[in-house]
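Structures incoming, each one as structure tokens.
Each of the next two complexes has subunit A plus one more chain, namely subunit B in the first and subunit C in the second.
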Partner chain A sequence: MRTPSVILLAVTFAACSGVPGTFDKSNLKPSLFPDYTDVTAPSNIAPLNFIIQEEGDRFITVLENGRKSITVTGKQVRIKDRQWKGLKKDGKIDVSVYKKTGSQWTAMQPFSITLEDDIDPFISYRQIMPSVDSYQDLSIIQRSLESFRSKVVYSNSMVQDLGNGQCINCHHYRNYSTDNMQFHVRQYLGGTVMVIDGNLRKVNLKTDSTISAGVYPAWHPTHDYIAYSTNMTYQSVHTVDPNRIEVVDLESDLILYNIKDNAVSVIENDPDRFECFPAWSPDGRMLYYVSARYETPFDDDRMDRIFADCRSIKYNLYCKPFDPDTRTWGKSVLLFDAASAGKSVTLPRVSPDGRWLIFALGEYGVFHIWHRDSDLWMMDLADGSIRPLDEINSPEVESYHSWSSNGKWIIFSTRREDGAYTRLYLSHLEADGHFSKPFALPQKKPGFNRNYMYSFNIPEFMKEPVHITPRKFASFIEAAPASPVRYEPKLQK
Partner chain B sequence: MAKARWILPVALWGVLTFFSYEFLLKVEERSLFLYDALWLKDFLIKPSGILSFLSLFLTQFLHIPWLGALIWTILLTLSAELTRIIFRIPVTLSALTFIPASIFVAYNMSMGYTVYLTNLPGYFYMPLLGYLWALLTVTVLRKERKAAVLLILFLTWGFAGYYIAGFYSLAGTVATCIYISVSGDYSRTGKILPIAVTAVSLLLAPVAFAGTTTYNISNGWIIGMPEQDYGLTFTRMQLPLMLAMVCLAIAPVIKFRNVLSGKGITMAIQSAAIAVVIAVPSLFWFRDDNFKAELGMIRATELMDWDKVTDIYSKLQNRHEKDPSWQPTRVHVLLKDLALIKTGQEGERAYGFENGCKKQKTRCDVPMAFQIGKILHLNYGIPGICNRWCDEEAVLFGCNYLTYKYYAMIAILLNDNTLTEEYLDKLEKTLFYRKWAREQRKIYRDRDLLAQTAPYDMIIPLMCYDDIITSDLNGCEYFLINHFNGPMPANSTPLYDRVALYFALDSKQSALFWPRFNIYLNSNKPSRIARFYQEAAYLFCNIENDPRLETLPFNEKTRNLYKSFMQSASRIGMKSLKDARNAIPANLRHSYYFYFYYVNELEMF
Partner chain C sequence: MLTSSNKKTYLTALGPISGFLPFVLAVILWLVLAIHDGQILKKTENLSLFLSDYLFLKECLSIPGGVIGWAGAFLTQFLYLPWIGSLIWILLLLFSARLTVKAFSIPDRMAALAYIPAVAIIALNVSLGYGIFLMKGRDYFFSTVLGYISALIPMLIEKHLTSSWRIMLFRFVWITVGFMLLGTYAIAGVLASLISGIRNRNATVSCITVALIIIAPLVLYSFYTSYRLADTLYLGLPQISVRDWNTRIRTPLFIVLAYLPLMAMAPFRRADGLKWLHNGYIFNTTCYLIFAATVYLMHYGELTFRAEVAMSNAIDDLEWQKAVDIFNDAAKSRIKADARAFESRTAELKGVSDPQLREEIIEKYSARFYEPTRIMVLYRDLAMIKMDKALDYAFTMKDGAHKPVSTTLVPIVIQAGKQLYLHYGLENMCYRWCFEDIVALGMSVNSLKYLAMQSVATGQWALAGKYLDQLDKTLFHRKWAHGQRTLLGNPDKVSAAAPYDQIQKLMCIDEKMSADLSKAELYLLSNFTSRRPVNATPEYDKVALFWAMRSLNDQQFWKWLSYYTKSNHVKALPIHVQEAALFYNSMQKMADNLPIDNKVSESFNAFMKYADTHNIRSVKESKYPYEQRFGHTFYFFYYFSRDIASY
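Up next is the complex of A and B:
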């Protein structure tokens, strides 16, 4: 008597979990969160889990690659790592979504996920809650792109207590390797924490001749130098503008830190200009940066005037030749006069092959993560042509971006999902110089981005994880005083 | 005697429910419990996170103060009963068992303004739950007699318990060691082993978890207790909780059976214990009429019960009628003004109340922005600054129900629909705020409906100015004054004109008053000019010999009051401002004239 029940149960189960026998066909592709329809993803990426954002009573999703097929029921499609690896093998995954409303099944228009070109296995980013003054909860996180594992590199909660706040920022790696890396610790036990060939060092990059310690870094690809901007940065808030926060520099210059000599020299320090965001060419013979002209006295009202005028402060893109052997600089060259087009450039980053330069372009200022009009643009360094990356951009902010070490991928920060919290998106550079449809960094729980009230900024690729443990960083930061650096006069060719 | 020990909890419940409900509501508002797995995960990564999670679960019930108070009181009573049972304390000495509970009551109810600054999620329940965990620790660990099992049990409990309850578990393990040491039931090895293992776990548990989490390792031994900040010292934040745990350590040492040998001694101890149990909370309970009224006014403002805001103010003022030293705090004044503006009564009633700037009874500086910054800025149509304070609070103290509510309202006002959904989703995952979230969902996409729905109907018209990049520099009141006394927006609304006029009136500057008065008359077209606007206009006309003295329709009452006031003022002559102020007859005190001449030196925040 028991056998028929088992058979009946099995049939029922098959009917429940398999593809429906009859269904209507929809002309529409399913609405997914995150949207992974027809994306090109790295061949070593973690499973692209998603939520089906369709009305319906039941859902079946079939992922197949010709040889292998998996079926997932429900609105939330979470794919096991082992299954995902099997699916990825052929370089293309076809996805069909079926939804049942009442008694009627409907097949949505199928879509595919194309898998190409490996990506660096790790990224790191800063996890931060948006705020103006408070920064009690900051962490630099490293995340595997091949899985969902993430670990803290360093968190300010490890050392500070609430009376002694500590801001951490600007993690940066030399040529994607974590044996040479740095991040800044501000205020309590402050200094720039560097890992030089695996050894820790804490330095105070502020000298009497420079306006601040080093801020935005660019590690020289071939020599032991780091270019930094030095910034006197202030924040203020908008009263009714949805941009909410405004960040300006009262002063900013560029400096070069010579790691071997522990010495700092000036690259640019025109008092009537703000210079910022240095970035090296892959051969290390050209430094790209942005600069804006703004002339106003250095008096007590300077900050008020700058905030009042901030919409008229527009940064252009420059480059400056550099001879790394003699450490001499050539004359700066204007690469893109954004100001004359009423725009402002920030965050130039050159592709590893030296062909492309991506920057963020907004209406004004240099801190575009708070500017909803900010988009990514790309310059072809071969001919100087520029174009907006329309295939990537959204109506919301696109800002910080990094190239993968093979130059095939970029990761960029955007607030496209809700306008407020920075999320990380990836996109593939096609052979024709265009990017594929961007997609969100996959998460184990696909609804994560809607639920997690932190921003992820400064995404940087890494070829390997950071080997130094968070506690080792913490102990070092507590124990080591920030050693002073020597100031060297500017060298000019 | 056995039944008498229930009197204390019942009395406590009554006091909490009927006299401290505003405070309980504030504790609840500043906490958060989400029915959400991702949110729970955040608690699982840190030692004592589970305790924090359970505490937040219980804190949510303070939303219904009588219920929250009941749960708390029951748990306090349970802690006393368990203490009695575990340490075999006779019922005739049962008051002793309430001593830790009385410390917890004192600890929470002495909080006062600290409620705005405490940064430990679930702090209200954590000491009590921690104590219960410590009792459980003693109960479980003392049962075993075999050395090998004791070793494993102490080791496991030492580390696992630390993960669950942090400091409280360590304290419980130490108490168990003391219990075992003084007990005659254990072998020599059975006594030494637990002490040795406890010493190891005390030393190593915080270090062991330090590798997987990111807390400051120097706080590892006190994890689960609120941290010190904003001038809140060890004595205030941690010592009381340590004292409560000391009770656990002392209890096993006292031979209660021996104490009972003399009835007189028993009575004396019981009486002393009752005195302590009553005295400790009574001494430390934060009692401040101004604070209580502030909490009531803030609550009424959140609920947009504007009449209640002014009622609380009036009652407070009446209660202190005979106390010449009494003054309202700026929180009272600003919320009263807001309520009057919302109901259109500011011109008629604003100076009918006492004004002042009584220093709040705080142990440390509690910025006004943390108290009413969000309420004021949102209601005065400055969502950007409100957002700033939500951000700061979220970073410093963690997101709470109110933060999400304000975030949602800001997103609604700024037309950020996806963001609005995210915040409303959060509130939908709560027990008591989901109803509010669902109501917002019904209205926020329809801008016309929104413009007619409170509180947006009175906020959107105040957002008629061009965006300004600014900072309130942590001074809410100064910021509002500068904001409304700044240039008038090109497309100002009647409501904005009315508010700007009131701020001009309050600033006593005729150069600001007159243009705003004219704009107000044109846009609002009042059927009659409100009392204090008349008084201000009449006063400025007189001071400046303005010909409008004859043309404006001042009523007789305004003219006569001015005359009486000036006669009275000239009679008083050159006294100190304070003496002169007190010499002005009561019927003239609640006039704009009095405010103009005698209400000075107000310290603003």
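Up next is the complex of A and C:
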């Protein structure tokens, strides 16, 4: 048995190097916010800062990779960029958390952070309050994943004034590049704002033959086309349901916008079906989309009936062959009959290698960000098998998701933290087709997600930042009228 | 600041009255604000928010003038204690006047001129009325005076700068950095300084200053994404969410801003300027009296507005009886006025037989009779329901639909939607209107509290925790947040705690999609009377019966009476229910052997007898005499509260 003086010396010495000399061992891993225990993170990700959610008087966290070690004191673990770069080099960081309660130190069970596969350096998302009707405060934000820097791409406050509100939505990029991108501005000075090879264009995609302007976009990977859904969207409030809000389409179709010809043609417009959320295969020869059958007259009560029946409107997953050179379509094929299983599919997105298709599956409807039962599912396009991504899903909403350009990562929106605010999580696709433990987009201040009162939706990866300044977007939107598009009949094989 | 030596000179020059008058008026204003308008100040604080954290500061700084907003929000917190908050505000106003004297070297004989900006700021704040529910940012109460003080700084600093290049350097820093922090006030300050040309007649400096004033905001504009170029002039100034109010809000502010360059050009700045005023005794006293009259005339003193706000505060604090007392006090304060109006009207109607002329006289007097506003009635009914007194006593009090005197009618749902929906168990609607409010006007203590409460009521602990975390960062609401936090994760504790014990009993409504079309009262009426929920509680049936009586629909009444008596195992009917049953039964017999008290029967018979001899020619004409005899009954309500327009 050591004498007290030896123990004291050991503690003093150890304290200088950061680690307590004597401590009990706990078989529990520390509770962290965000939870970064045993996650796989991109090798170029910004520091994974976290808060230790344990009771205790003092805390010491040691992060090491065999060659390098850093010690952080306190509940809030914020790692400097330079230190983080050094730690990341070996592909694995071991983290030990010590907590002191009274005079007793306890070592929590260590955990590790594995670093694999780079991720696209930027994402963009829409910043929005989880509100119902009002939208005075919307921004599209781009964020560096390698640091914590974020910038506004465009904000509606740059243009709108009292009585002239403007909604912005559906930012989208061609092949992860910002030289070809688009977003919609609605109402005041409305139109679809496009960047075509670096040049700005504002178009009004509504024609007399289509039900609305373009809504949910899918930019063709090889040709100058954008597939859109056209939607007449309405929303209402649930009296009791904790989902709170229901968003439905009174009508929806699919159209194809030919960028070069500035012309729109119909892809699908069955009046008894709601078609939505187009997504291209990586080779651009297949269009995936969701569709629900619903037959009801087009009269004044249509909306009431649709809201009353909304739980019975269930979307299936379809694909439709496309020849981009001749712009001709094949017949639609049912890929997943979710309706017969009592479910509803939305947001199909195909991995860049064409192997996997992830979609959101809920009990009904198409706007799953307000459906707590919505989970992410994945189809193996090689054999058509599907499975829920249990390793990713939570009891709360999982909804919008995007693949990184190398197909190794997904980013998805979820309300798992509090049930109301949409937050962005990342997960790594392992070789066996399973995903690693999801983790929250790192923030400079680890408590950010708890304190920030906006939601982040529509996360999209980008290989580069948007080069056009917000002011240039704003000036263009103010100055340029939305040019009309030509309607042309669809071509069928 | 006023030193003891020049204070003495000042008082001597102006004479005892004009010297002390500003301070006397300031004390009177303080008393009026703290006593008369105390509840409005408390509501102003409730509708604002200051959080002691980096994110809040960062958000404030995302727009030029953000420091003014941040500091304004910080000080607005103190309106929670109206005596303290109003004192700070008045001291700042007095301080601004002192600085104005110094900045413009205003001679004693013209000292009253220094109070013009303060008066404009006071006039703005006391005249807002219903505008307090529409102000964006909600730091306006203090930010205007802080902005004005900051605009004086260039004048004061440049007095101590000896060379042109120092002045130029200062102006460069002030225009660029100052604009980012103080917005328009920074530009206004430099403009005044430029015009006054203190110790600097250098044309080059003036030209560069003008160029900077024009160019700097344009250049800095490209660094922000939070405003339009056209709004540059208004940065840092209070904003309102309704276009109709813009002129009203901005006029006093433009007076404040225009004051600076105008004073810089003022003739008294010449050595011989305005000597004819002599010691200024008369001039200053006259000015102070005009200022006092201006503030008095601008003050929005509508009785029903003050009652609404006080009732709203009482409901926020779950003080139901206090809410009812405020309602009754407002009515009582007008009893004599109503009696006088009736006497005058009766006298004028005497001998007039021409129906059209009678109608005109009645119409002329109708506005003189007191009526509560719809919000007051809704608050009162809510309070009576929460105290389980609605079916016995709600109709003993006045009903009505006094139209608020306001530039824009603030919809009930904006002003009271959160409270009504929360306490009537419509939690999703409460959530909705909290967010409509936040998106349109900014986060507030009020919205955060109602979001937290609706989250607690629905068992969303993590979400409630998020809102409570925000309230933890406030000075005066962290205690409330701490109390709510003890409920999280414990449904049994929530079900036993006020106000959730009562709210949850009303949360039994059936699921459906619904829209209130921004008409809260009509939505509540339709919600409670349309269909009985599958899992209706006795408490729900009781509230629904009350709303059925409000609907003035006999079918609804009998339907909900049946539900109510069964689910509540009623032995003796509440008084108003007896009155309604007796009344509706007399119109169309629906029930035998109704358990009616003798007193109620006697009252009803008296009513019928009176009605036989006193025809109700028009509601406006007959309401007052009937009210004196039967104003406490359901049948009075039935006849005289028809065609009430909600909004």
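Heads up, the rule we're going with is that the second predicted complex is superposed on the first by the 477 of 493 C-alpha atoms of A that agree within 3 Å, B and C clash if a C-alpha of one lies under 4 Å from a C-alpha of the other, contacts with A are read in each partner's own complex, and residues count from 1 in each chain.
The working rule: a residue touches a chain if its C-beta (ideal position, glycine included) is under 8 Å from a C-beta of that chain, and two chains touch if they have at least 3 such contacts.
All figures in this text were calculated on a predicted structure; none of them were measured in a lab.
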{"item": "Fit or clash between subunit C and subunit B when superposed on subunit A", "value": "clash"}
{"item": "First, second, both or neither for A:439, with subunit B first and subunit C second", "value": "neither"}
{"item": "First, second, both or neither for A:409, with subunit B first and subunit C second", "value": "neither"}
{"item": "Partner chain in contact with A:236 - subunit B first, subunit C second, else both or neither", "value": "both"}
{"item": "First, second, both or neither for A:219, with subunit B first and subunit C second", "value": "neither"}
{"item": "Touching partner for A:136 - first (subunit B), second (subunit C), both, neither", "value": "both"}
{"item": "On subunit A, positions contacted by subunit B and by subunit C", "value": "129-137, 139, 152, 155, 157-163, 236-242, 244-246, 307-308, 310, 417-420, 445, 448, 450-453, 469-471"}
{"item": "Of subunit C, residues touching subunit A in the complex", "value": "53-55, 221-222, 225-228, 230-231, 241-243, 246, 426, 428-429, 431-432, 435-436, 438-440, 443, 458, 460, 462-463, 465-466, 469-470, 507, 509-516, 527"}
{"item": "Residue ranges of subunit A in contact with subunit C within the complex", "value": "129-137, 139, 152, 154-155, 157-163, 236-242, 244-246, 307-308, 310, 417-421, 445, 448, 450-453, 469-471"}
{"item": "Interfacial residue positions of subunit B with respect to subunit A in the complex", "value": "36, 38-39, 119, 210-211, 214-219, 227-230, 381-385, 387-388, 391-392, 394-396, 399, 411, 414-416, 418-419, 422, 425-426, 463, 465, 467-471, 483"}
{"item": "Subunit A - residues contacting subunit B, complex", "value": "129-137, 139, 152, 155, 157-163, 236-242, 244-246, 307-308, 310, 417-420, 445, 448, 450-453, 469-471, 474"}
